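Following: one structure in structure tokens, then a few remarks.
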Amino acid sequence: MTRWPRIGWKTRLSLTSWILGTVTVIFLTYQWLPIFTLGLLSFSGPTGGTTFPMNGTSFHWYQEVWRATVMNDFKPPLMRSTLLAAACSLTTIVLSVMAAQAMRGQFRGNSWFFYLMLLGIMAPGILVGFGFAIMMRILGVELSWDTTTFLVQVSWTLPFGFLTMLAVFNRFDTRVEEAALTLGASRLKTFRRITLPLVLPGVIGAGLFGFSLSYDEYARSMFTTGPDTTLPLAVMAQLDRQLTPEIYAIGTTTTLFSLIAVTLCTAGLWAMRRSTSLRRS
Amino acid sequence: MSTIRVRSAASYWLAVPAAAWMLGVVVVPIVLLVWVSLWGGRAFSTASPLTIDNYIRFFSNQTYLKLVGTTLVHTATLMAVTGVLGYCIAYFLTMKVKSPLWRTVLFLAFIVPFWTSTLIRAIAWVPFLGVNGVINQTLMFVGATQSPIEAFLYSRTGITMAQVSLYTMMAAGPVVYMLNSIAPQLREAAMTLKAPPLTVFWRIVFPLTLPGVVIGQVLVFLNVMSDFATVATIGGNKHALLSNLVLLFYEGSQIRAASVVAVLLMVCMLIGVVVALRVVDIRRLGADR
Amino acid sequence: MDTLTAKVDDPAAPVTVRPQLDLELRGVRKRYGDFVAVDGVSLKVEKGQFVCLLGPSGCGKTTTLRCIAGLEEPDDGGILIGGKEVTRDPPWERDIAMMFQDFALFPHMTVAKQVGFGLEMLKKPKSEIASRVKHVLKSFEIASLADRKPGSLSGGQRQRVALARAMITEPRILLLDEPIGALDYSLRETVMLELKLLQQRTGISFIWVTHDQNEAFSLGDLVVVMNHARIEQQGPPEEILQRPGTAFVAGFVQGNNVFRGRVAEIADGHVRIETPVGPFFVPFTGAAPVAGGEASFSVRAELITDAPSERHGNRVTARCTAVEYFGSVRRHIFERPDGEVLKYDQFGAHAARIAIGQTAELGWQKEDCVLHGRVQR
């Protein structure tokens, strides 16, 4: 009756795990290696080029970026991009909280509204940017980074903020609002005193998301920015002229900033999840 | 009951600013492109007569037609590669990694680059692909080749390599979401009904994740079709896809031609999305669960 | 049960024909890290038996069921289905079917497709699948739902579909994990009766996991009470209700009063057990307990009287704190001097005699006490 001991089927299935795991690890390496190389090469010595060997290590290229004047001066574009991203982020926060709150009100045509927002994500930047530039030309509006680019970039960051806020409100326990309302608070007061503090980490997350999207935006800005460019445009222009390790230095800095933003964002959402789950238990 | 009354006027007005913004900046300009593409004459004038000459001129040019074909083939290649790769990774991360810590670590390693600048990530491929680039240096060091291979930078291969690293996450994301929404009991139920693992996958898991696969494919399709920046960065001036043509005409002040290509791009994308929606009804996602 | 109809695999087997068991567990053990989920569970299920695994949540009953199904691999011990060793066999090679708590219907398949899935896996010809599905749907009274998807079905309909899907392959054993837990309360009685009749008609062994003792005692031919990964007691429902083997079983089964104390004296077939509320006399059979050792016993609430006479050798005085009227019985909750609860059931048709707050002397016959043994392994 006893048979030769067989390997359990769950153990046998782990072969698939190994294959898929190998694929995943190879892809992750593939995905990260260029980013790390970029970071590494940005520290190459003064005589180093855009590829290996590095000819020593130094902060030379970071200093170059800092010292540069006129032609390849990245400081003004950096300033503009930062200001623009901050403005887009704030606008996104306000409008997306309003829009998500409106969705909870299930107004007539809310599904159309949802698709309109989705369109903002789906529509390619090149079409939106090009079309908007033509519209401005027809209307006779001068292109500028702080007006037209701002308008276009918000149309890019807003849908993401909106979806984030929808997700946040979906997880939100409306019973706490009901409790406040039954205690005699007005709707507006309940929103300000109960709802907003509870979803605040999500709001901050949406804001950081918007900041990062605007800061890295390229296609839309290319058509709608006037003579004063934003950082991605300046980088692209420099790349057109010549690839130098300075671009690596800027890229590394930008990537680091993005990573910090992501970390803050994740931490915020995690904190919110923790605080709401504490409330539930 | 919540802080907003259902179907109240307030909810309507709260949505107005966002709706107006999106209409004015996204919908109107895109519709405008269709109009401009039909302009006759040469001057930039809203009074231009309407004609389809611009389209005729475009389609009678062999080079442009070939470019449309190249763009579609390139996009299809990327959809296939990122689709398979993304599904494998999504399946591994959601179904096979048991330890919560490792799962979080791998997930973050997978999605974090997606949050950084696409432009920078595309540029990061340049030192890799060049004649003296990392890949060639490695190949020559290992002895796989005597002289550097020039096929990487300024080539479709190089563009594809970079775009695979940029867009696999888009193909995988929706699949991860769908895989997570499959109750483990479904697979177990199939097993107790005598289905071996591979059958369980093809009959239960894959059909249930199909909406995610399709959405991922749509995302990759839309992004690759319109990604002129990566093509420009890695392909240099040697390679162009449809979206680069828009830019090329625009910079040459050929607004009409640029509009024609833009409209063409738009039509391709619309067809893609509509075909996808015929396979999967996005609105009914999650309705049966 | 008719053991003569049991199949015998080997015609050249020894003359002592052993009736074939549908299922046998031999010391099955399963742990997750440091947590022991199933600890040496042994069980024999005869042909066509209705077995209920009963216990509180986390007692290991579901893990035991999953081990039988093959969804979990035991660390130790053996599992035999129909006399065949299957311990390391995957689920799809075992002669079982399973019904899940939330039914686990495939959301993308129509009812007909779903029910035919098992036959499809057995590589039956299409025409046979179609006709058998039709027949089964009809006999489960869900023929009208054949083209619907699970999303549009009610709880009761889903339950029928899940059952049809599991039964169509005619397995040797059907495993049911809290199969009616997801149903409305009003539906449960009917469904329970239907399932019992189905089991008797088909002669398939049912292994039914539940935490509801009403289900277990009204359905099971064999009830297996589990606690802390082990089997506490197994036997027919009457035996478990009337002669609980351990203090846990006595406490878990409704209507028992459990007393704990020390064995003080053993004389003429009785032990005297000293408890915080006084001495009690408890009969014992078999080996005598050790004097001075810990012991526990129980007495059923309906065997207690509020007017003890000569015959009632065990007595306790307590204060009534609550009275619940169930129609057939009137249950009195008493607080014993040591703070524990004592339940006394009076026949419901009789007039109430004890009011809340009243102190009364309660008594019962020595023979009504059940002395608990050690945990069965």
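By written order: A, B and C. Residues from 1 in each chain.
In this text, contacts are C-beta pairs under 8 Å (C-beta built on N, C-alpha and C of every residue); 3 or more make two chains touch, one makes a residue touch a chain.
Keep in mind the model is a prediction, meaning the values are calculated, not measured.
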Other chains in touch with both chain A and chain B | C
Go ahead and name the chain pair joined by the largest number of contacting C-beta pairs.
-> A-B
Where chain A and chain B are represented by their mean Cα positions, the distance between them in whole Å = 17
Can you check how far apart chain B and chain C are, centre to centre, with Cα atoms defining each centre and the answer in Å?
-> 56
Residue numbers in chain C touching 2 or more other chains?
-> 70, 90-91
Which residues, counting only chain B, touch chain A once they are in their complex?
-> 1-8, 10-15, 17-19, 21-33, 36, 44, 46, 85, 88-89, 91-93, 96, 106, 108-110, 112-113, 115-121, 123-128, 130, 132-134, 137, 162, 164-165, 168, 197, 222-223, 225-226, 228-229, 232-233, 243, 246-247, 250, 255, 258-259, 262, 265-266, 269, 273, 283
Interface with chain C, chain B side, in the complex: residues 183, 185-186, 188-196, 199, 203-204, 207-208, 287-289
Which residues of chain C touch chain A in the complex?
-> 70, 73, 80, 83, 85, 88-91
Spell out the residues on chain C that touch chain B in their complex, using ranges where they run on.
-> 69-71, 90-94, 96-98, 100-102, 104-108, 117-118, 121-122, 149-151, 165-166, 169, 175
Note: in the complex, chain A contacts chain C through residues 1-3, 5-10
